[in-house]
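Below, chain A partners chain B and then partners chain C, in two separate complexes.
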Partner chain A sequence: MSGKYKQVAYYPGCALEGTGHAYNRSTKELGKALGLDVVELKNWNCCGAMEVKNVDPKLQTYLSARNLSIAEAMGFDTVMAPCNGCYHNLKKAEYDLANDPASREVTDQLSRKAGHETYKAGKVETIHALDWIKQAIGEDGLKARVRNSLKGLKIANYYGCMYTRPRHIFPEKDRGPGSESTWKPHFMDDLLAAAGAENVEYPLKTACCGGAHTLSDSDTSTKLVLNLLTTAEACGADVIATECPTCHTGLEMHQVRAEKVFGRKTTVKILYFTQLLGMALGLSARKVGVPENFSASSDLLRARGLG
Partner chain B sequence: MANIPSMSLNDIAARLDAMLAAPDTALAATASQRADELLALGEAILEIWLAARGETPTMRVVEGFRLLALHRQGARGEPSFNACRETCRELVYHHNLVRLEPAHTDVARRLRLGAMVARHLQLFIGGKLEVAGLGEFCCSSRPLRQHEASAQPVANV
Partner chain C sequence: MPIHEKSLIRPENLVTHEHLVIDGVDVSGHWSTFITSRAVTDYNEQMEEEIAALPGGEFIHRCWQCGSCTNACTVNAINPDFNPRYWIYLIRMGFEDELLRDKDIIWQCVSCNKCTYACPRDVNPEGVMKATAHWLELKGHTEKKPSTVFDEVFSEQVFATGKIEDGRVLKQFFARTGQSLIQDWLVALVRSLVSRLPVGLMMKLGLATLFRPRTRGWDAASAAIEEYVSECEAAARKALRLDVQGAE
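Take a look at the complex of A and B:
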């Protein structure tokens, strides 16, 4: 273990307190099993997701700046966000505060009005749960701790569209060996391979899941998800591993809807990467929230001696 | 390059479905032509998006491929369009894979995966077109009501 990121501030965000609770549970349990500490931000607020951003992007920047300010006030220089939307927005706020005077001005005004310190760019580093495990433990560290290898489990790693886009807000990516790639992300692949899984070559790992369409045009979302699922199956995957609660929920719900509305049944299972790693470390399926998933994977996991 | 006439997204979807349903032997026998067809269908999909925006699709190439130039053109002023950037690159990759080894034993599977990638592009663009009059599509979109936001300074919210 490098010691880096051994203790980080934790920003779960709204989704992990709702539909993504299994991700919240498995992230915390995985950290505990690996000897890593997470300290939840006190009185955190919504990151603004897509709703606030679409109405007033500078207000959205402030919302993320407030969370970063809380992390700084709690004495942390790193905040970890497992949700792609939260992660993306924190990174975007960091970029805007470093590069856009108007964003700085609005953030300062609102911070003073709200009665807290104005967050200044560069004080707190935002990382994803993938960065956290990859940098704090690494593949060798994981391998040494694996008790139930994921051997034989074929996994399509699905990163979604917000983990790598837009590229300019992720200056630490695309830095050569050891860094994450925005063209072809691989951190989740690396970690699951270290736990024994067989990753399949999945050509849609950063393709759109239609998440934003879910309410306004469900059929388009269902068709996009169905294509993700059938492509994963065509690649030979037993499981799609996810690292975003919105993508995860979309895949699960539209898998059901695809069968109901279009009569297209798919059998590939959907699990958070934290659940898979947790079970590889010997945690039970219940402990990492597998029964809370909509996608019923118990039979597959039992057959593989997991959970 | 295959000669693709002006087609609707539904026509393109039907062509992709036909390729996905074709027997292995048929795909293997015409692998290179099918790979070119996939690329041309991808270009046709992006042409539909550009035409809907009132633009003339470029004939330029990026990294040797018109598909990538069309994507770049389509993304201009439309950050959310980058959500299909890697889908376009994957389509080019599958085209190259088949073109480099048209006699490979796995060529039918490679073509089908390429067709699934093209189908994702077709679905994504279809979704974007559908909501074009209603708002933006993706989470990294430009603000929907930017003019309203600028009319009401945020500090006064």
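Take a look at the complex of A and C:
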């Protein structure tokens, strides 16, 4: 272990304080079990998710720039965001501030009016919870700490849209061996395999769950989610591992909706990758927030001697 | 160069002649169906410029019609009429009437960014879809679509308090779109969760809906954002010549 990312600023975001609280809980517990420190950003604000950019993309840049300026003021050079939306928006802001003078100007103008330092590109690195575990602990480090192996639990790894697209805002990806791929991401696969899971070949790793319209165009979302669920089952998966609260809640909600509205029942379970890793390290299901998921997976986990 | 669109082959454009002889050749009957010739005279020459003036639409002029966006599109896979490449073509040519045929589905773009990933010309097709949907609303061609209502409910909370509370977003969105909260699937979802959830956590979530989460010291940021949003709105109205039309 290199000591890299041993202590990072933590940006949970709104979803992790609401419907995604199980992700918040399991991320923190996982960090604790692995001896990694997270220090929450003081007084953070919403990143704007997928909505504020439709009012004006430069506003979303400002919202993320404010959070990055907080990390800088707290003395951190790395901020870790487990939510794909938050992660994506921080990365997008970083890219726009480096490349678009108009975004810089609006950010500067709003920051001055709001009374805080203007964030300048390049001061703080944004990482995802996957980068955090992968770089700070790694597969070997994880293997050495596994106390309750996932014992060949069949998992479809689902990364969603915002972790890899659009690729130009992730300059560190697609850099050859060891780096993450935007076309076929594998960091979650690597970590879960190290914890003893059997990853199934899942072709929809980066397909869309319709999260942006989960309520405003529910039928489209249900169709997209149903496709994700039935494909995972066809690939032999017992569990879909997620790394985004919007995807996770979307999958859970529309699994129920598909059954109630379209009459299509699926049984694959949905768990955050942090919950799976936590249980592999010997944490209880309750400790990593399994009862807080909409998707009831206790029976499966008990049958496998997990949690 | 014109692109021959299959979509022009519509029942109302097809003609079958009972008795027709062209250059001495009998072409009567259904085996020689014709597409009616058309002369387009009502190009909207401002449309591309106006959509380019809205956030997201800036790079529409770069498009060279390769179709990578439509090929990659999530929504196209479930509805073949959802065709970003074609709409960009219509907008750039000024074929407003053709675009309006699809006015009620353009808002359905899910922002997955597969098009933006695939585009070799950095058109940002996802942004173009949003700009086009907004253009249709601002011009009065469509009512405010559910996605816009959702964006507004969400953004208003962020601008006012710095944070959102997802239960509140859901409730306000359902109220503004006139939907009942009592929906089969929603009830089933809540019921299954409540049966398993620790009581302490339920209290915490309940309290969050009562006492809205907010960012401390947000007032100055909130005022600055509101001011900027009105500037953006004024700029959009000006670019679309909406106030000029209103004065006529």
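Rule of thumb we're sticking to: the second predicted complex is superposed on the first by the 307 of 307 C-alpha atoms of A that agree within 3 Å, B and C clash if a C-alpha of one lies under 4 Å from a C-alpha of the other, contacts with A are read in each partner's own complex, and residues count from 1 in each chain.
Simple rule for what comes next: a residue touches a chain if its C-beta (ideal position, glycine included) is under 8 Å from a C-beta of that chain, and two chains touch if they have at least 3 such contacts.
Fair warning: this is a prediction, and the values are worked out from it, not measured in the lab.
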item: Fit-or-clash call for chain B and chain C when the two complexes are aligned on chain A; value: clash
item: When both partners are placed on the shared chain, which of chain B and chain C touches more of chain A; value: C
item: Partner chain in contact with A:Leu59 - chain B first, chain C second, else both or neither; value: both
item: Chain B versus chain C as contact partner of A:Arg257, first or second or both or neither; value: second
item: Chain B versus chain C as contact partner of A:Asn45, first or second or both or neither; value: second
item: Contacts of A:Phe294 with chain B and chain C, given as first, second, both or neither; value: second
item: Which of chain B and chain C A:Gly85 touches, first, second, both or neither; value: first
item: Which of chain B and chain C A:Gly115 touches, first, second, both or neither; value: second
item: Which superposed partner A:Ala207 touches (first chain B, second chain C, both, neither); value: both
item: Touching partner for A:Cys161 - first (chain B), second (chain C), both, neither; value: both
item: Contacts of A:Glu17 with chain B and chain C, given as first, second, both or neither; value: second
item: Set of chain A residues, in rising order, touched by both chain B and chain C; value: 49-50, 53-59, 62, 106, 109-110, 113, 161-162, 165-166, 207-208, 210-213, 216-217, 220-221, 223-224
item: Complex contact set, residues of chain B against chain A; value: 79, 82-87, 89-90, 93-94, 109, 112-113, 116-117, 119-120, 123-124, 126-127, 130-131, 134-141, 143-145, 148-149, 154-155, 157
item: Complex contacts: residues of chain A adjacent to chain B; value: 49-50, 53-59, 62, 85, 88, 106, 109-110, 113, 161-162, 165-166, 183-184, 203-208, 210-213, 216-217, 220-221, 223-224, 227-228, 230-231, 234-235
item: Of chain A, residues touching chain C in the complex; value: 14-15, 17-19, 21, 43-46, 48-59, 62-63, 66, 106, 109-110, 113-115, 161-162, 164-167, 182, 207-208, 210-213, 215-217, 220-221, 223-224, 252-253, 256-257, 259-261, 286, 291-292, 294, 296, 298
item: Footprint of chain A on chain C - complex, ascending; value: 55-56, 74-75, 78, 108, 110-114, 116-117, 127, 130, 134, 145-151, 154-155, 157-158, 162-167, 170, 173-174, 177, 184-185, 188-189, 192-193, 196-198, 201, 205, 208, 213, 215-218, 220-221, 223-225, 227-229, 232
